[in-house]
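The letters A, B and C name the chains in turn, as written, and every chain counts its residues from 1.
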Amino acid sequence: MIELDNIYFAYPSGKVLDGIHLKVNKGEYVGLMGQNGSGKTTLARLINGLLLPTRGAVRVNGISTLDRTRLLEIRRSVGLVFQNPDAQAVGETVEEDLVFGLENLGLPISEIDRRITEYLNLLGILELRNRNIRTLSGGQKQLVNFAAVMVMQPDCIILDEPVSMVDARHRKIVLQHIVQLNRNGTAVVHITHDPEELVECQKIIVISEGKIAVQGTPVEVFGQLLNERMLEVPTVFALSKQLGLSPNLTIPGLLEELCQLPSGT
Amino acid sequence: MPVTIRHLTHIYDVDTPWEIKALDRIDLIIMEGGVFGLVGEMGSGKSTLATLVAGLENPTYGKITIDGNSPRPGVNVGILFQQPEDFFFEKTLFRDMVSVLKNKGLTQEEIKLQIHSSLDMVGLDHQILDMSPIHLNRGTLRLAAFASVLAMRPKYLILDEPTASLDPHSRNKVIEIINKVSKDVTIIYISHRLQEIAAISDHMAVMEQGRIAFTGIWQDYVRWAVEQNKAGDLPVLNQVMIGLQHQGLDVDPAVNSLELAVEQVLRVKVP
Amino acid sequence: MIGKYVHGSSSIHKLDPRTKLVLMLGMSLVIYGASPAALLFLLVFVLLLSPASGMPVKRLLGSLRPVLLLFGIILLMHVLFTPGAPLLENLPFATVEGVWTGGIQVLRFILLIMYTSILIHTTSPSGLNYALMYFFRPLGTFGTDIAFMTGVAMTLIPDLFREITILKKAQTARGYRLRGIKGFTALVVPLLNRSFHRVDKLSDALESRCFHSGRRNYYYSRVLSGKDFFAGVVFVIIFISIFMV
């Protein structure tokens, strides 16, 4: 449903995206990994039309982002959650923040009300409904940002480093909700430099210096990254490989395999 | 001589409807030498504590002394705030760093030497001094900010989330430098990333809701976290080790590197 | 600062924000045109209004502190440049009339600030935004866009102040003395930098959530109550008394 067709993009400062071909299918969970400055944040903004490619086209459900008259349609299908929990809040209370997007969609008041209750509940923050956003912790704020986008029910949500500025406890919660969101049918593009966040992806794409360096399943990609000593890989994966075990991605998986091993030194 | 924090309580906006108690009767001693880690979530008070120890604000109640004196920013204690690359504003980096030292009564030559040596400490080329902050990337700017505050030669240096927003490669570089620098300066390292605290700190404290919840070394912290049912907050490596402990195996749960973890596993299992 | 909104349930809090905005504008006119005697009445009125709105008089008076210097200057200007009988032997330029007119002018400002403080104290930013939206609606798309912009700007003001506090601490920590042009630059340049970044990111977020020109707030709606009419009547009585007497 999202297609990046041979994208070329250049910033005035010289940073460049060159020849990017990317496809995100309905319901897919795609991870986009790269170092700071590799161009991954630019990709996020190219997908929903905040930035336009210099060459090539970005298509969402067939509509090109270059078609400025259909921009709202694109943004209804693709939601974007940004990195900084503080820089996305509209309005004073959590409820007001969620109402904003729904008013933009022109939904009836009863529907707005219903969706807010539903998604705040889903994310476990219903009790924060009337709280002033500024009094919340970073993690809570990010959950609210997440809710504000989810509530618009896009076909795909792009997350640009969603937990890099979030405390440890909420980090886990947000990541769990992302996985759950995908299981319920929403496509997810998860952009980050931290491989630990991407263990549940179906497909990972590694961007380096404006080009796609590696892509494949998590196991394939992390294996290659490890061999070529490129970027970091999830701790469990690295540990499993060092011990010569199968390529585990989760702690329970690793512990399970270790449990089966014979004891001794 | 240590940093002594006694009965420290700090309340913002006293006597207004927005009054908030950020710190509640904190007692803490930070010994000289090495790295002291300070962990806490947002709202735990760690940033407030940092500001007070840096001498930038006076506490509502209680006392902080550094080597028996009150904290004086730029003299006996320095602080590097989060996202320090935002604070550069002069035409060239050199002018920023010079301003930092101008009020210390040093000669031009001495100032230049001190700036150069702090750049060396963080591994930056002297050439960047002539460049404008606009043309440098975030990682370099952050190191420059680090050098800038090192140039003041404080005895204690507080680093507030120095690796925030950095990718793993830059992060490791910063930690390497901090290790090197900690031989001459006592570092107070504030972070919510426990892996870093584990890798780098000699002693640590954990703050929760304005109070100190734990002080000690990393090994003890891991034990404490398990007792408090907070094992899920620990770094992945430690969670694996604890999982193995639950299987009845005798492993050290407080490993702080991949190599040590592998070592521990090979002590008890044959892959 | 003129003050911040404090959540409360006083009778002034319960008034519709549109009422308060209109009354505030009306009150500004009254303050401007009132005679010195009437000004004293308005002073007494606001000092009674203050505790009734949950704001202790002490805090109301505190809101004047930032502008004391301005008052001093205004008073001084009037004392020096108003023709009339000399005030003191050795100060031929200072006149008694000057003190009087200066004092009255300052009193008008004081009243303006105090009434505005009560307005801000009792009206949430969302409430003010609602009122603005309501009054700008007749101006069509342009109107609602302006009202929306104002609303967003209002939410950014506390962030701005927080930034300044952080910047002051950070630059002091880096050894800057925040005095003079250098000190000013040390604050203003990073402040503008961070502010632009913040606003840039916010506008990205707004656009991503399908913001479009002409969008309207319709989820929240308010109905005027008896209290609002009562307040309106009270104001009309004050208005008439002051300009008829």
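FYI, contacts are C-beta pairs under 8 Å (C-beta built on N, C-alpha and C of every residue); 3 or more make two chains touch, one makes a residue touch a chain.
All values derive from a computational prediction rather than experimental measurement.
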**Study point:** Centroid comparison with subunit A (C-alpha atoms), farthest chain
**Key:** C
Practice item. State the pair with the higher C-beta contact count; candidates are B-C and A-C. Key: A-C
Practice item. Please compute the C-alpha centroid of subunit A, do the same for subunit B, then give the distance between them in whole Å. Key: 29
Review point. Between subunit B and subunit C, what is the gap in Å from one C-alpha centre to the other?
Key: 41
Revision key, fill the gap. Expressed in whole Å, how far the mean CA point of subunit A lies from that of subunit C is 42
Review point. Residues of subunit C touching subunit A in their complex?
Key: 124-126, 152, 155, 158-159, 198, 201-202, 204-212, 215-220
Review point. Contact residues on subunit A for subunit B in the complex?
Key: 35-37, 83, 137-139, 164-165, 167-169, 172, 193-194, 196, 231-232, 234-236, 238-239, 242-245, 251, 254-255, 258-259, 261-265
Practice item. Provide the residue numbers of subunit C that touch subunit B in the complex, in ascending order. Key: 4, 6, 59, 166-167, 169-177, 182, 185-186, 189-190, 193-194
Review point. Taking the complex as given, what residues does subunit B use to touch subunit A?
Key: 41-43, 137-139, 164-170, 192-194, 232-233, 235-237, 239-240, 243-244, 247, 249, 258, 261-262, 265-271
Practice item. State the interface residues of subunit B toward subunit C in the complex, per the touch definition above. Key: 16-18, 51, 54, 56-57, 73-74, 78-79, 81, 84, 86-89, 96, 99-104, 148-149, 152
